[in-house]
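In the two complexes below, chain A is the common chain; its partner is chain B in one and chain C in the other.
Moving on to the complex of A and B:
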């Protein structure tokens, strides 16, 4: 009894002291530092190079900071760089990408969230089969589908044209201009369709898993309260699913913005997305290689995903933590 | 007479698994019916069928005489309260209460009136502008009840509404629910696995097992005249003592004892001899100076004593058979002691050992 009291008074108390330089810490921070360097060094080189003039670039000191900071390469990359005979810089590609990106992201998320919701909460006849097929779709290599899609886009474009043109005599009789030939192949709308379709499996899976984690009784309560399919979707499910929408948006924005393959196949030079144009600028063989312009162009192209990450990183993490991405 | 809820030959299967089969159930107007059974016996499934949340495989459901077998949940005149409360997390309490009314296109001033009335009945007035996340479990469940209340439904359906609450709150809310039923006089169908809730709340209890109703009756009938071994064993805590023996000419014989069953009311006259099981509730055993007045008297050896404050639970051996006795909290019994006990056959139950039905 007496011993115990003495011990409690003279023994250690308060928070356990931490060693700052334990071997674990050295290993953890050392590894982190190396990994950071690995990713940041190229970025650093790109930024300093893009701020140098060509004479300074030629000196070959790629790690040195610019002696004379110039934004000329950025301006040139944005609005003057040439691809073939066209010298508008990246700006056109940027706007093409925006016109491809915005509808693709909105349409794919809208469709996938509704299908995910239907699959999770309204188990209709054959929903399991449908879901299996959809997931299977995620495992088919893109390359297999490239050519069939070319044909599909061409044929459906012609189909739509013939339907539209059927109205032409009537429209012309009323004094309007008739429909022209409508193309899906080689157009932005065709590429939007392709991106929407290819986003479906993973997005639907994402939304289905999220909505499955919403308690079933909540859904039942809403049905008892007289809410229907859309009522429950818009009034109950949507408001509690912001994190998963952010996750889906980030996946789609980065995926579509970074896409090169589909862009180069399904569009034509006037509608090339930014990535394709970047490639054409960087790989153009005429004249000297302007490394500073190339670096600026590359940074410009990478800016959109970067901004998205920084702006919504917190929500992204929360969405993932909410069980969105698991099994 | 039309029943409030009438279920005819209800079948429900999940794929190949038949959960409910040929189930019949009638609930009278204003009745408080409790569906009682262990977990997985199909209580919630039955309730969901009544609510229209599950598509039934076969059979018919009538509510207030109207065939609602294929009606949407919202068209059936039912309100439902769930175990997990199931409040809409992004809406305020008021939003939760009025959601169903808005869907039904009820005019705004009428919604206000009904929400105010429900808030008053359930004493949740000060909470109306809060989100469910800022409420305690008891408050949440009150809001969930309110959500059914505002819709002016004929039938309230409760699926284990108190199971997520801690013990003290559960008792409080149970009392409140009973009061609410007395006040509203609605039909209520209440699912629980807690026999205390069932006994205290119910006008009638339906004891379920494996998707079938084992016995439907008043709490008194269920407790005193269990129709089969399962019900006898399920109801009562600590559960009934069972001793297997023979029934021969109105005498129950076990080991070398012969017990005249004077005063026991048989369900049907007993002619043939058979294997039988006698069931005696631990709380129906008398001890001490009451023993000489009891028709049947035994000596038992005390194995274990569990004092529980209000009463004492004694685990004893009657010959080879384990036997539990509930005694007064003040009783002083020691392990190893032999005590004499008394039993009244009129309070016992006899079952056919083979069919498990009450004799």
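Moving on to the complex of A and C:
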């Protein structure tokens, strides 16, 4: 009855006005609220734990806000936490990760964008076959390829060393210092190569799909004007595709920063990335467990991808959705 | 646009042979070809071959032992537990993440307010690494000071939930963390699929007076089959790779109760110095991926037009 009168008053035109508090809405927003709480809970627990002192942590209320806020755990996690005999804190892992991240991101994106460009605009016999192998390769468990890559890195490191050392007599005769042994296995440069290899499938797919969508007339016009492979790439494709480069960067920065497996296998303890060092700090069996320091360390490691995630918004979604689009 | 570039001469003037046609593109594609052929195909075949050899500390390509490694693998308790864990974790995480992902996507699809905020909240764990995820949940599930203790302090004295200390349910502790990390991604994937469905379908079902939940189950889900299949393949590939989550959250413990195949392989190769067994185990992992991948590739690219 009430509804009917409301309807006649507001006139027959337009959609029926919705009640803000309909039972469906209550269910939808209620469910979503609970769900959001669940997803936010671990982050909240990490933050409050990292701000408590150890006596307060031992009281055992993980959801309670800190009575006395202290930043000591963060300082300790960053500069004093121990892995084995080394007590430099997570800062070392942070800088290692940065030194791994920067070249890996640049090199993998440079190579993959050129590959994607070649696949989209300069197809040659067999190019689609290689691309198909590349995409299916993305599904091969890393464990299958890890050991042969160890050998490849070791052997090519030795190969490069012997080539370089061939110049040593000449260099020393001229008064320069000779080349030293060059290692790929157990070094940052080896890990950069590994990240470049395993970033290839998704990035190449991303760039290939993007470059394919560029109007062909543009490409043809440039060809008529006499531009070649690199000319078109640098003067037309690159300036036009900055958004996709940003998407690729988001994808690679979070992916490489979060990597654990390659870091643990292809580097040595001095160059362990942050994730590996974090795991060693928290899961070390010696000493008293300092949960507040552990949580501060965990948050510090998660900070870089989180900042990128919240800053990038929809671009992050676009990046991860790119993997779902079939090639 | 005058470009004097090395690529120009080959493409526009005489073509000496097919090999040199388009030469700049071929040179540029060398890293991709190397990755595809040498790493993906070459290294995979290398591992499969060596899984039939008695390799210990070093690969021993000349000591052929046939299926010995596989026999030993399948008689080892640690491997059997790994497989069982992977089966439980995989099945539950497939069902749960698809269900949760779909329900959340359907809720977000209802033209609600704050959609972006809610999506951002649900997806953020996906930006975090498995190590961070594992350690966060290790702390929450801490039997002495974590969730269990907190609930007991409130007054529910008999409350027991200590997966990290209990070998029977430890894998479900890992599962909770895994779902927390990955279900947002599934939601985004399915939401994108849902948004691709024609608005007319909704109009038609509204005209017919079909309630929304029925429309989702009987009309939207069947229409989204390709999206579901893609999600299934991506989740499965991720499940088989699960490694760092377990390393961080439980280190495979208590005992060997939460071991997974990916961890087994790494340990056999780099700690136990039993390469042959590691190669055999990783070949089994590859096989399980192929079981999912081949039917998918057949459906996706084989049936209809050539992909």
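Basically, the second predicted complex is superposed on the first by the 294 of 327 C-alpha atoms of A that agree within 3 Å, B and C clash if a C-alpha of one lies under 4 Å from a C-alpha of the other, contacts with A are read in each partner's own complex, and residues count from 1 in each chain.
Just so it is clear, a residue touches a chain if its C-beta (ideal position, glycine included) is under 8 Å from a C-beta of that chain, and two chains touch if they have at least 3 such contacts.
Computed from a predicted structure; not experimentally measured.
By the touch criterion defined above, A:217 reaches chain B but does not reach chain C.
In the superposed model, A:55 lies in contact with neither chain B nor chain C.
Counting the residues of chain A touched by each of chain B and chain C gives the higher count for C. Once the two complexes are laid over each other on the shared chain, residue contacts for A:84 go to neither chain B nor chain C. By the touch criterion stated above, A:227 is placed in contact with chain B and with chain C alike.
By the touch criterion defined above, A:28 lies against chain C but remains apart from chain B after alignment on the C-alpha atoms of chain A. In the superposed pair of complexes, A:258 makes contact with chain C only, with no contact to chain B. By the touch criterion defined above, A:142 reaches chain C but does not reach chain B.
Once chain A of one complex is fitted onto chain A of the other, the partner contacts of A:235 extend to both chain B and chain C.
Contacts of chain A with chain B, set against its contacts with chain C after fitting on chain A, overlap at residues 222-223, 225-227, 231, 235. Here chain A touches chain C in the complex through residues 28-29, 31-32, 35-36, 38-43, 45-46, 49, 57-58, 60-63, 111-112, 114-115, 117-119, 122-125, 127, 130-131, 133-134, 136-149, 151-152, 196-197, 200, 204, 222-223, 225-232, 235, 254, 257-261, 265, 275-276, 278-279, 282-283, 291, 294-295, 298, 301-302, 305-306, 308-310, 313, 316-317, 320-321, 323-324, 326-327, going by the rule given at the top. Looking at the complex, you find that chain C touches chain A at residues 1-3, 5-12, 18, 21-22, 24-26, 28-29, 31-33, 35-44, 46-48, 59, 104, 107-108, 110, 112, 116, 118-133, 135-140, 142, 144-147, 149-150, 153, 180, 184-185, 188-189, 192, 227, 230-231, 233-234, 237, 240-241, 243-244, 247-248, 251, 261-262, 265-266, 269-270, 275, 278-279, 281-283, 285-286, 289, 293, 297, 300, 307. For chain A in complex with chain B, the residues that touch the partner chain are 215, 217-218, 220-227, 231, 235-236, 239-240.
Interface of chain B with chain A (complex): residues 48, 51, 53, 72-74, 78-80, 82-84, 86-90, 99-100, 103-104, 144, 147, 151, 159.
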